[in-house]
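Structures are listed in the sections that come next.
Shared between the two complexes below is chain A, which pairs with chain B and chain C, respectively.
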Partner chain A sequence: MIILKGTKGKKSNVLLISFFIPLTLILPLFIKSSFFIHMLIMSFINAILAIGLNFILGFIGEKSLGHAAFYGLGAYTTAILSTKFNLSDWRSLLISLLVTAIGALIIGFPSLRLRGPYFSIVTLGFVLILQLFISNGGVLTGGPTGLPGVKRLEIYNPFNNNVIVLSTDISYYYLITISFWFCFLISILLVSSKIGRAWTAIRENLDLAESIGINSFKYKLIAFLTGAIMAGLAGSIYAHYFSFVSPKLFDTFVNINIVTMVIIGGEGTILGPVIGAFLITILPEILRFAEELRILIFGFILLITIIFAPKGIVGTITNILIHEKER
Partner chain B sequence: MRKRGDNLLEIRGLTKRFGGLIAVNNVSFIVKEDEIVGLIGPNGAGKTTLLNMITGFLKPSSGSIFFQGKDVTGFSPYYLAKLGVIRTFQNTSIFPNLSVFQNIEIATHLYKESYKDITEILKKLELEEYSGEHAKSLPYGIQRKLEIAIALAAKPKLLLLDEPAAGMNPEETLQLINDLRRIKEEKEFSLIIVDHNMKFITNICDRIVVLHRGEKIAEGTPREILNTKEVIEIYLGRSVYSASN
Partner chain C sequence: MLLLLQTIVNGIVDGLAYSLMSSGLTLVFGIGRVINFAHGELFTLGAYIAIILVQNHFSYLFGSLISIILVGFVGVIIETLVIRRLRRLGASIWSPFLATLALLNILQSLYLIIFSPNPYILNNPFAYVPINIFSITISGQDLIILIVFLLSICLLNWFLKKTKYGIAMKAISQDREASLLMGINIENIYKLTWFLGAMLSALAGILLTPKSTVDPYIGRVALLKGLCVVIIGGLGSIEGAILGGIFLGLTESLASVYLLPTFKDVFGYLFVILILLLKPRGILGKSLRRG
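Showing the complex of A and B:
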């Protein structure tokens, strides 16, 4: 019932969060396998990407096909700042988010005003242009082979007045978990605010929304910017965590993957993208035995979801619950 | 303070061309505060195009629109809504997947409306019993009512209704007239009603503007309009007698 607004939805949100936040924070105490920690880190990175895309795909109903571009933009800005300018603390993180935001503004400003498929085409074009640009960026971007040697994130510790370098996987687990919860809470706050209501109106009936005073362009831009900045954050953390970025990080496959996460989980729901992200991240590891068949199985799952449960896992379950209640 | 009799909306020489077609040609008229103006004309007369221009959904090719003395030609729909120009649409336009209550709640976007205010609007249009139901599952007549409720929740100074009685039987139309009268008694705003239905328009409007092939051919009180030769010709055709004259 997470996606339902109103008092009941809020109560279950609070319950869910107060259970899962502590759970994710104590989880590393029980998991000793570094592989598992790595899987969780990747799941949370993908969850942030999916939450970000959900603002655009789910809440305002615009079909973005280039969400990974902002992931790449965040990762590359961080990598370049770290390797070329020796900057890898909160300042480089902030600059990375700023660069993604500017990128989103350049893309969103002309295309979100138009109706029809223009937005999809522009976002797709953006990711392809960025791919080309980075693959041919020479020394600055490392070209198609990528940029190694990204330094670890430095965090200032105000208690001891020293700088801590995040070097262990566990430290990145905490960084990404906290970032994830931050994004998740922002998503809840926005959806239950006036902004979220305006998004619903725009998705449901654009003309009617405009006619009752909703500036659809403004609210679409808010959704697009928020989503892009979240992707930039995920990219920046990824770059520090892996110490290596390459154009493969945000290629077409990754783009489709993020869309798949949102659709399978349930677009327009709060929890859906998170569930989708964990499934799509962990499933390939379970299907490792199938090797090349994996992609086929993926496509099949996506197909089945779109035909039989177009509202995704969370959307479908919510529908069933509502029907049970009405009976 | 603005009072009854002041000009709320003034349209000067409004023209809209779609390529070679002139949909609206040099139309001018005035809507006063607290007045109900009917906009009639046969199909393709340019009524909806005119309404789309007044509400900002279409930009005029030439001419200007003044609202409360301010030039608002070419303003965006949402901005005009902020000024108080609210419309409904020809094809029933609601938020289909939301409940009736949520429909009204969203429509109060521009204001900080309380639970009580929303239920008041629902009560006024006799929609309380449907409050929790999905808008798309409602019968047609109720959906049209909801449409008007949404527009009212946005606090109009000028409300433009695009064929509100379309698809309604005489009984429902009468109910609509009563609803509109009742609402107007409580709240002061002006109305522009676009419709084909002569009976409906003449029953409720203070003044009527007649459009034909994009041009204004007559304007006056319902009684005057019903006695205008051109209007009768458009609606009933030219009589053999007058044609031979």
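Showing the complex of A and C:
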């Protein structure tokens, strides 16, 4: 009912998920290529970002262009805590999420009152302000060159009462996979709850939704905040995994990339952003394009999707399946 | 005192440049209802074409004219190939907006492939001549910007207010269905709008780039400053764009002299956010829904 809207029952969703969760967990046993593991890690990071953006962009229908700000905020908070305060365990992760949430509130309160293009431009503006602050942040943020030497994440092990340092790529693979499934399940829960129905109501007709007592600002803020916290989580894990953050991490291109993932996969669907994220991350690596050519091809893919399949991959497939059923 | 005066003059000159950057953006939004995210790339395209022509022994003036007209036709191509299709699909305001975002990526990477990231210089022999008026200095290029700006705004105003096509544009921006019933050829007017809008973007590119260099990324600055200005002035209002540009130029110039120079651009955006909080439709903006 939810994953492919209107085509499958709840039972098959459970089956689908209970097939894919173990699959992603045993995948590293068969894949020994570290490059492929890296690609999967990046895909999952991007998938978390896309799922988070999809709340406000797909379900509410307000086109945020500021999602990368939260990714950057999470990554930089973690990096600064790790390099300057020597803190890189669950506490720093928690502080990063908290800082991202506060950032989301600061951005959300003024901008969520705006609609349409104004909202898009103001959220974009916040990304640029954050970029300027971080590029001019001096010793604290490392300026435009970035902040190297972020320590690996330490996890407390309650059984042996010791601390494990996540140092291998495989351990980050598991960390990000678990985080991804966590975000994915939260997204299913939210969308199928009262909150998700309120989101759809706001998207379809804001005035009508408000007239039946839906507090649109509150629900928009929930969507914005949840998405931001997910992006903060992705950023934080990225910082530990890559040990390096720079302002390039969340520049305009990355920002547009996240939007592209959601649009290509299908905005307003649960599975769409995930498919989009995997495609956009893995496809260029398989085809081995040069950097400039990659942006060019992304641009064309986005343009063709908008013109010929405006509902994205998942949306279009769902439409076809519904038509088949009706026939 | 002199410093203050010089700062204000610099601010106004910068502001006019910003107004110029945003006029193309605001025209296309006001009539076509599309935020043209590829605006900055048309700005760059104008500069690149002019550079090629000047390198091939055209004069700055003549090269600029050809470049402006060529970029105008690129605008028409974008309208016909992309925006019109989306309009026919009955898509929301979001799809054309996203399509221009894709065009931004496409054009920018094309510049990277064709021109490489190295900076080019658009040579204008008059650009670096300092001009002193009452011991306040402006460069020759600033004077050109001032003159061309006033000229083009007067021309644009005349066109929009007095000619048949200008009035048709205004009619479409107010009520699309009614203007269709009045026998206005909407498709042609949209093409004309994009032609003019792209021409204004290229004009800004040609006038402003002699003050610095041209590389594939300069379009970003033009786009972002342009967006700032149109938000301050209200999307779709030419007068607002002029006012917004001068406002922004003055704020930045005063802030960079008397406050923190490195955070010059932040002040611009903080200003934008403040204005949106107080007046969500900009200083001279009209309601989007009624438009």
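To be clear about the criterion, the second predicted complex is superposed on the first by the 314 of 327 C-alpha atoms of A that agree within 3 Å, B and C clash if a C-alpha of one lies under 4 Å from a C-alpha of the other, contacts with A are read in each partner's own complex, and residues count from 1 in each chain.
Here is the rule we use: a contact is a pair of C-beta atoms (placed from the backbone, for glycine too) under 8 Å apart; a residue touches a chain by one contact, two chains touch by 3 or more.
Everything numeric in this text was worked out from a predicted model, so none of it was measured.
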After the chain A overlay, clash or fit between chain B and chain C? fit
For A:Ala309, is the partner it touches chain B (first), chain C (second), both, or none of the two (neither)? neither
Given the touch rule stated above, what does A:Ala198 touch, chain B (first), chain C (second), both, or neither? first
Can A:Ile170 be said to touch chain B (first), chain C (second), both, or neither? neither
Could you say whether A:Ile129 touches chain B, chain C, both of them, or neither, answering first, second, both or neither? second
Between chain B (first) and chain C (second), which, if any, makes contact with A:Asn215: first, second, both or neither? first
So, A:Asp207: does it touch chain B (first), chain C (second), both, or neither? first
What is the contact status of A:Ile295 with respect to chain B (first) and chain C (second): first, second, both, or neither? second
Chain A residues touched by each partner, larger count belonging to chain B or chain C: C
How far apart, in Å, are the nearest Cα atoms of chain B and chain C after the overlay? 13
Could you tell me which stretches of chain A are touched by chain B in one complex and by chain C in the other? none
Chain A to chain B touching residues, read off their complex: 194, 197-198, 200-201, 204-205, 207-216
Chain A contact footprint on chain B (complex, rising order): 55, 57, 76-79, 81-82, 86-89, 93-98, 102, 105-107, 109-110, 150-151, 153-154
Give the list of chain A residues in touch with chain C in this complex. 63, 110-111, 113-118, 120-122, 124-126, 128-129, 132-133, 136, 252-253, 256, 259, 263, 292-296, 298-300, 302-303, 306-307, 310
Please output the residues of chain C touching chain A within their complex, sorted ascending. 29, 35, 82, 85-86, 89, 91, 93-95, 97-99, 101-106, 108-110, 112-113, 220, 224, 227-228, 231, 235, 262-263, 265-266, 269-270, 272-273, 276-277, 280-281, 288
